[in-house]
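Letters A, B, C and D name the chains as they come in the text, with residue numbers starting at 1 for each one.
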Amino acid sequence: MNDWRYHLREHRGTLGAVALFVALFALYMAKHPAGWNRDVLTTAANKGVLLAIVAMAQTLPVLMGGIDLSVGMVFVLANCIASHLVVGSALHAGAGVLAVLAAGAACGLVNGLVIVFGRLQPIITTLATGIIYFGLALGLRPVPGGDVHAGLADALTGALPGGVPAMLVVLLAVVLVVWVPYRRSVPGRAALAMGSSEAASYMSGVAMGRTTLVTYTLAGLLAAIGGLLLTFVTYSGEASQAIGGVYTLNSIAAVVLGGTSLAGGFGSAVGSVFGAFALRTIGDLLFVFDLEPLWQPLFQGVILLAAVCFGSLRLLRVGNRLALFR
Amino acid sequence: MSDPVLRLVEVSKRYGGVRALERASFACAAGRIHALLGENGAGKSTLIKVMAGVVQPDEGRLLLEGQERRFAHPQEAVAAGIACIFQELSLLPDLSVADNICITNPPRRFGLIDRKAQRRIAQAALQRAGAGDIHPLAPVASLPLSKRQLVEIAKALARAPKILILDEATSALPAAEVKRVFALLRRLRDEGLAIVYISHRMHEVTELADDCSVFRNGSQVASFAAGTRTDAQVVEMMIGRDIAHAFPPKPAPAAAAASPALEVRGLSWAGRLHAVDLAVRPGEIVGLGGLDGQGQRELFLALFGVLRGVSGEVRVDGRPARLAGPRAAKGLGIALVPEDRKTDGLLLPMSVNDNLSLAALDRLSRAGVLQLADEGHAVAGMMRRLAIKAGSGEDAVGTLSGGNQQKVVIGKWLLNTPRVLLLNDLTRGIDVGTKQEIYALVRTLADEGAAVLLYSTDYAELIGCCDRVAVFYDGRIVRWLEGAALTERALVASALNLEEATA
Amino acid sequence: MTAIALRLRGSRHLPVMAGAACTVALLLVGSLYSSNFLSPEYLLLQLQIASFLGIIATGAMLVILLGGIDLSVPWAVTVGGMMSAAAAGWWGGAAAAFAIPFGILCGAALGLLNGIGVAYLRVPSMIFTLGINAVAQGLIVVHTGGFAPQDRATPAMHLIATGRSLFGIPNALLAWAAVGGATLFLLHRTSFGRAVYAVGNRERAAYLSGIATRRVTLLCFVFAGACSAAAGVLLTGYSTKAYQAMGDAYQLPAIAAVVLGGTHILGGRGFYLGTVVGVVLITLLQSILSVMQIPEMGRQVAYGLVIIAMLLVYGRGRRHAG
Amino acid sequence: AGPAVVGGPGENPSCFKPWDASTKYFQWPAKKGPYRLALANGFVGNTWRIQMIKMAKAYAATPEMASQLKEFKIVSTGTDVAAQIAAIDNFINSGYDAIVTIAVNPTAFAPVIKRANAKGVVIVPFDNVLDSTEVMMVNEDQLAMGQQSGEWVVKNIPSKSGKLLEVRGVPGNSVDRDRHLGFRKVVEAPGSKFEVVEVVGNWDDGTAQKAVADAVAVHKKFDGMFVQGGSTGAVRALIDAKHKMIPVAGEAENGFRKLCAERAKDGLVCASLGQSPGLVAISMKAAVTALQGKVMPQMISVPIPTATHPNFKSGENYFPNLTDNFFTTTDFPPCGVTLKATDIMAKDEKNN
């Protein structure tokens, strides 16, 4: 039958993001002085996966028609916690990892609780809780420092025997363990339903409160995974408002580049992963092009704008202008 | 009547100052189809929202199979076997048809949704609802309204309910589909379901119902077995007066010499419209007939400037018109009452006043500054003229009953005194009394010189209202019906593009 | 009593009144730390400082009413400040009178780009304005690095930002009042304002009602860009110089102020006086927390908690449906 | 691999001054020039960084440097630490000989340095340095800067008591911490009875100005002030509030020094101690010297450029014709870094 048409339609956002990433990365690789080798890939992966995971975290609330402006701060908070707890013996570090993840999930849960029971808009709720989480991070790490289990860190930021960056494997594992089951679960679909139409979801008997809680909790968890990985990349913790802000905004940009609608109801975390990779590659292009240093920010801004306008090409094909509105 | 499965006793519901339900009682029994009748704003939808757990009543009791229940959330009503098709559909536009059908209780494997099984369930439910041609993977947003209503019905069926409630669930369906749905409902009744059916189409009620309850001003005023009252009596109970003639008399055909107000030549668009030729003289009401989705909607959108890449020629009052967009169309005196008032016609959270003046802001302002007095005047006048039932003009339009919302959409365009009216399913969800007023209104507008194009899925409306009807098939006008030739039989036959119709 | 409560609940004045009540409460709490929080000097100073945020929030509110969000505030503010100062340098003398309009015009130009992206290219505003913010930053970096522009405020800017006229009312406050009054009129008395609400509620229906939705969107973004730049000009006057990243501190407070003022973050609903109260509230909160001697951590946590608490008091959404 | 730890003294000690007596010395195997050098910057959106980048370019173009460099590449990655680490890794992977950098987060560089050492690449962090003794670094002593500011403030308040206003930097940053600790150590030492009020200025003029204005409105009167950055704004706030002129220890912004010179007659006394963007030049020189196989101190201390009342001299340590945002110290004669202020910010200067 013509099933494939519908499947293609469902995944067109993701496919667009993959295409964008492949194009940019090919350009990057073609111009890279060292070319395609293990170290270059590992470097790119270590940087890309962090944002990819935070972008995944952002995707879940966005699909539900919400947004999480605190992902960056949960990311930073997790980084600070990890720099305290993921140390010492393997066992101790393992327990630390669990504690970090639990803390992230708890932050997400708090977001969810305020949104559900306080009946506040997600955007403003998470803006406020983000400030609180940053305060907590600052309490934990008044100045940068700390440490992390070196064995674990080296293993995760290095490359596997085959030359595959270990971070990519971590990312794949997160996708398989968190995203895929979520997407196929009842709350995952309920979240999509809510993003599609909140009133209709309510009337259809969707368990909206529970869905919101699960979704934000998972977003917090994912952001904490990102923060944990950051700790492995930097061997330390830092409560930096700037980093939190950058990751939050970039995660939203990655979600959009990944073909997810900010209005909710449509998209995929896999798309966001590639959106994040594409975004990171835009940053990397600075490295391979010889630009005046003071022109670099402008160059990056312009490429970013061009990338986000990429989706506007579809406007050329719209015959019925009503299709422009949702 | 056997023991009722569901009983509501003296239920009241107030919204601020508005009494939607006032000590209303209602009961329905298994194995019977119970029609709920009442004018717009009588409280029917509110009543079924109470049954479905969407709305919590201020007072009163709800008994399900003799047990007193309280539904705090629609989920609980669904779990209790009550499936409801709401007047404003409750489908999720971005999700697939299958996802929608199984939204509350999907089949699961290892705790995750089993998509294959879900698809089977959806297909079966669609088949039962007589919509086997809808692809289960199609996103709901891509379906026209009539198909969506069928999906909604399939969704209700997939829940294997004990009580099925349909709130104007067939209002957008063409006659043929309505017949199929009716057959289905009868079958379900015979299987022992209790069915509550709300419709403003009297002939449907007559055809289908076993029992009837009439509501007025939030209370039940009568409950009786179907067939024990005449239509006239029922209408009298509903609106407190009799209506002699549903449709106003048609004037004698205007002199053919009069130049057309709207003239369309060779209009084509993207394979959905093929060389449509059409001319409407001032004072004329031209109907668009045919099955649903044969290009009538596209014609309206094209005339309103919404479609891009339209070829052909459009003349308004003899001058070639460049239809760049709704704004340009509005400037030419064209008005469009869209199909879906909720998404296309109204700003639900905004007030009735704001909605009414929206299309006429240019007229109601001077140098961009609103003339509040003029606006208030115009809006209040329109509310009176259309007898829009609302607590006050400041109420959000979303709080009005469906029919009154529709009146707001019409009123919005009337404030602009349009030359050409494009009316898409004008009276969907409007009660008999108001319908009559609206038909009279349209006729008056025509008499005052407007040219009217009217699309309806209701053959009676086309026959009663229109001077001529253009029957559409596959984006073309296949036949013009006029005068005595304008009969239901002819409409049906030419809609199917049958050869015999020419006989 | 309940009738009054009911009327109040539904009324658009609720956020204004509740916000005002919160403001008073905040001051009372502050006065426990120092009675100077209640002194007229302090309050006037706060109003003067609030004017900068107030003007930015005015633009932000318009965009939020449309259902969008403007994340280009930080560098639009900087562009306004830097370009007006630079223009004063280029032209010198009497022509420097055009410095202020020129700075505002540059902000409006950024807003125009935002508007084109959002209205015509239909890129989500959250992301397009983010891109424009990056581009604006890039431009300013190039500008500062390459052309060694003047960044000193003109005396006129300084006067508007810090001077006091008329009963000692800060000029900045008068500037805000002018912008605010115009906005109030625009939103509630003109067909443009009505169209803004219409687009924010449902652009599709507004479009089908023959409203030039794209033009309305475009104009709102232009206005927002101009507001940000105007605030940048004032800030330049306040600091007597323009500098890189001078707008960084205004993005989140602007959004928070608009939302605390009762404007619905998804658009279509909101009342300008609410934004005024929200701005004052945020400014006071920041100021009081800044002066209280608590560790930075406590400051951040308190800031977040107070925002949530106030929203819980009066910003709660309605239940679904029904 | 990595450098060998050797005994001192190091090369050119008047320029590469060891931090203190216990500072280690490093020696890399000598490489033949010319070299490929990179600057991995983080954020660019402030004047200090722009000035730093312009100085780096100007310095690389001096005959002394140009002859040593085959390539000099500058990349600014923004505030994201992971992006900066990746940029450095990229330079390492692409075979650069040395990388100078301002770390976004100085503690985060341990892994990069491991990788750099493995490939024999010289990394020289400056300005925001690492808490590490394993890497060669260039900086001014932030703790000392705080201390000197404190000492100067104490010296200028004869009563040794009263209220001091401390305007801090970006929370969570080690420079902020060090300057704060240095300052507090002095003013809270026994013998003086100061009450210190602290506000956060984020090293940003506008933020500092608002914070000081608020503090003055509430506390009415201060006897002295220490500003980590945004000093121009902080002093502006005093002037706007018509606060009595008091001793102010601040950064080295041109605008601050202008005010100090201008308002000295009203009683404004200042100390201006600053972090110079010129650090980049010394770091570049240190990197090249290390590549030549010379012995280098692990931690290079750059003297803190200081100007105090009444020694503000137009055209010498402040520049009335340059922008307020300019950082005044650009040359370090002992190192042969003799970049003139006007060469950097005023290349195509016409109007200022």
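Operating definition for what follows: a contact is a pair of C-beta atoms (placed from the backbone, for glycine too) under 8 Å apart; a residue touches a chain by one contact, two chains touch by 3 or more.
Keep in mind that this is a model prediction, so the values were computed, not measured.
**Student:** Starting at chain C, figure out the least number of steps needed to reach chain D through touching chains.
**Tutor:** Contact-graph shortest path, chain C to chain D, evaluates to 1.
**Student:** Any chance you could name the chains that touch chain A and chain B both?
**Tutor:** Both-contact set = C.
**Student:** Report which of B-C and A-D is connected by more C-beta pairs in contact.
**Tutor:** Higher C-beta contact count between the two pairs: A-D.
**Student:** Suppose each chain is reduced to the average of its Cα coordinates; what separation in Å results between chain B and chain C?
**Tutor:** 43
**Student:** Distance-wise, how many Å sit between the C-alpha centres of chain A and chain D, to the nearest whole number?
**Tutor:** The answer is 35 Å.
**Student:** Calculate how many whole Å lie between the centre of chain B and the centre of chain D, each centre taken as the average of the chain's C-alpha atoms.
**Tutor:** Computed from C-alpha means, the inter-chain centre distance equals 72 Å.
**Student:** Cα centroid separation between chain A and chain C, in whole Å?
**Tutor:** Chain centroid spacing, chain A to chain C, equals 29 Å.
**Student:** Which chain D residues reach two or more other chains?
**Tutor:** Chain D, residues with two or more chain partners: 44-45, 50, 53-54, 171-172.
**Student:** Which chain C residues sit where two or more other chains touch them?
**Tutor:** Where chain C meets two or more other chains at a single residue, that happens at 137, 141, 145-146, 204, 207-208, 296, 299, 321.
**Student:** When you check chain A against every other chain, which residues touch at least two of them?
**Tutor:** Residues 138, 142, 199, 202-203, 294, 296-297, 321-322, 326 of chain A each touch two or more of the other chains.
**Student:** Any two chains that touch count here, so list every such pair.
**Tutor:** A-B, A-C, A-D, B-C, C-D
**Student:** Which residues, counting only chain C, touch chain D once they are in their complex?
**Tutor:** By the definition above, chain C touches chain D via 34, 36-37, 39, 41-42, 45, 49, 89-90, 92, 137, 140-141, 144-152, 162, 235, 238-241, 243-246, 248-249, 287, 290-291, 293, 296, 299.
**Student:** Using the touch definition up top, name the residues of chain A that touch chain D in the complex.
**Tutor:** Per the touch definition, chain A meets chain D at residues 32-34, 37, 39-40, 43-44, 46-47, 50-51, 137-138, 141-146, 153-154, 157, 230, 233-236, 238-243, 245-247, 250, 280, 283-284, 286-287, 290, 293-294, 296-297.
**Student:** Please give the residue numbers of chain B that touch chain C in the complex, ascending.
**Tutor:** 16, 49, 54-56, 304, 306, 325-327, 329-331, 336, 338, 343-350, 354, 357-359, 361-362, 364-365, 368-370, 372, 412
**Student:** Under the definition above, what is the set of chain C residues touching chain B in their complex?
**Tutor:** Residue list for chain C touching chain B: 6, 10, 189-192, 194-195, 197-198, 201-202, 204-212, 268-269, 321-322.
**Student:** What residues of chain D sit close enough to touch chain A in their complex?
**Tutor:** 39, 41, 43-45, 50, 53-54, 57, 73-83, 85-87, 89-90, 92-95, 104-111, 131, 170-174, 176-177
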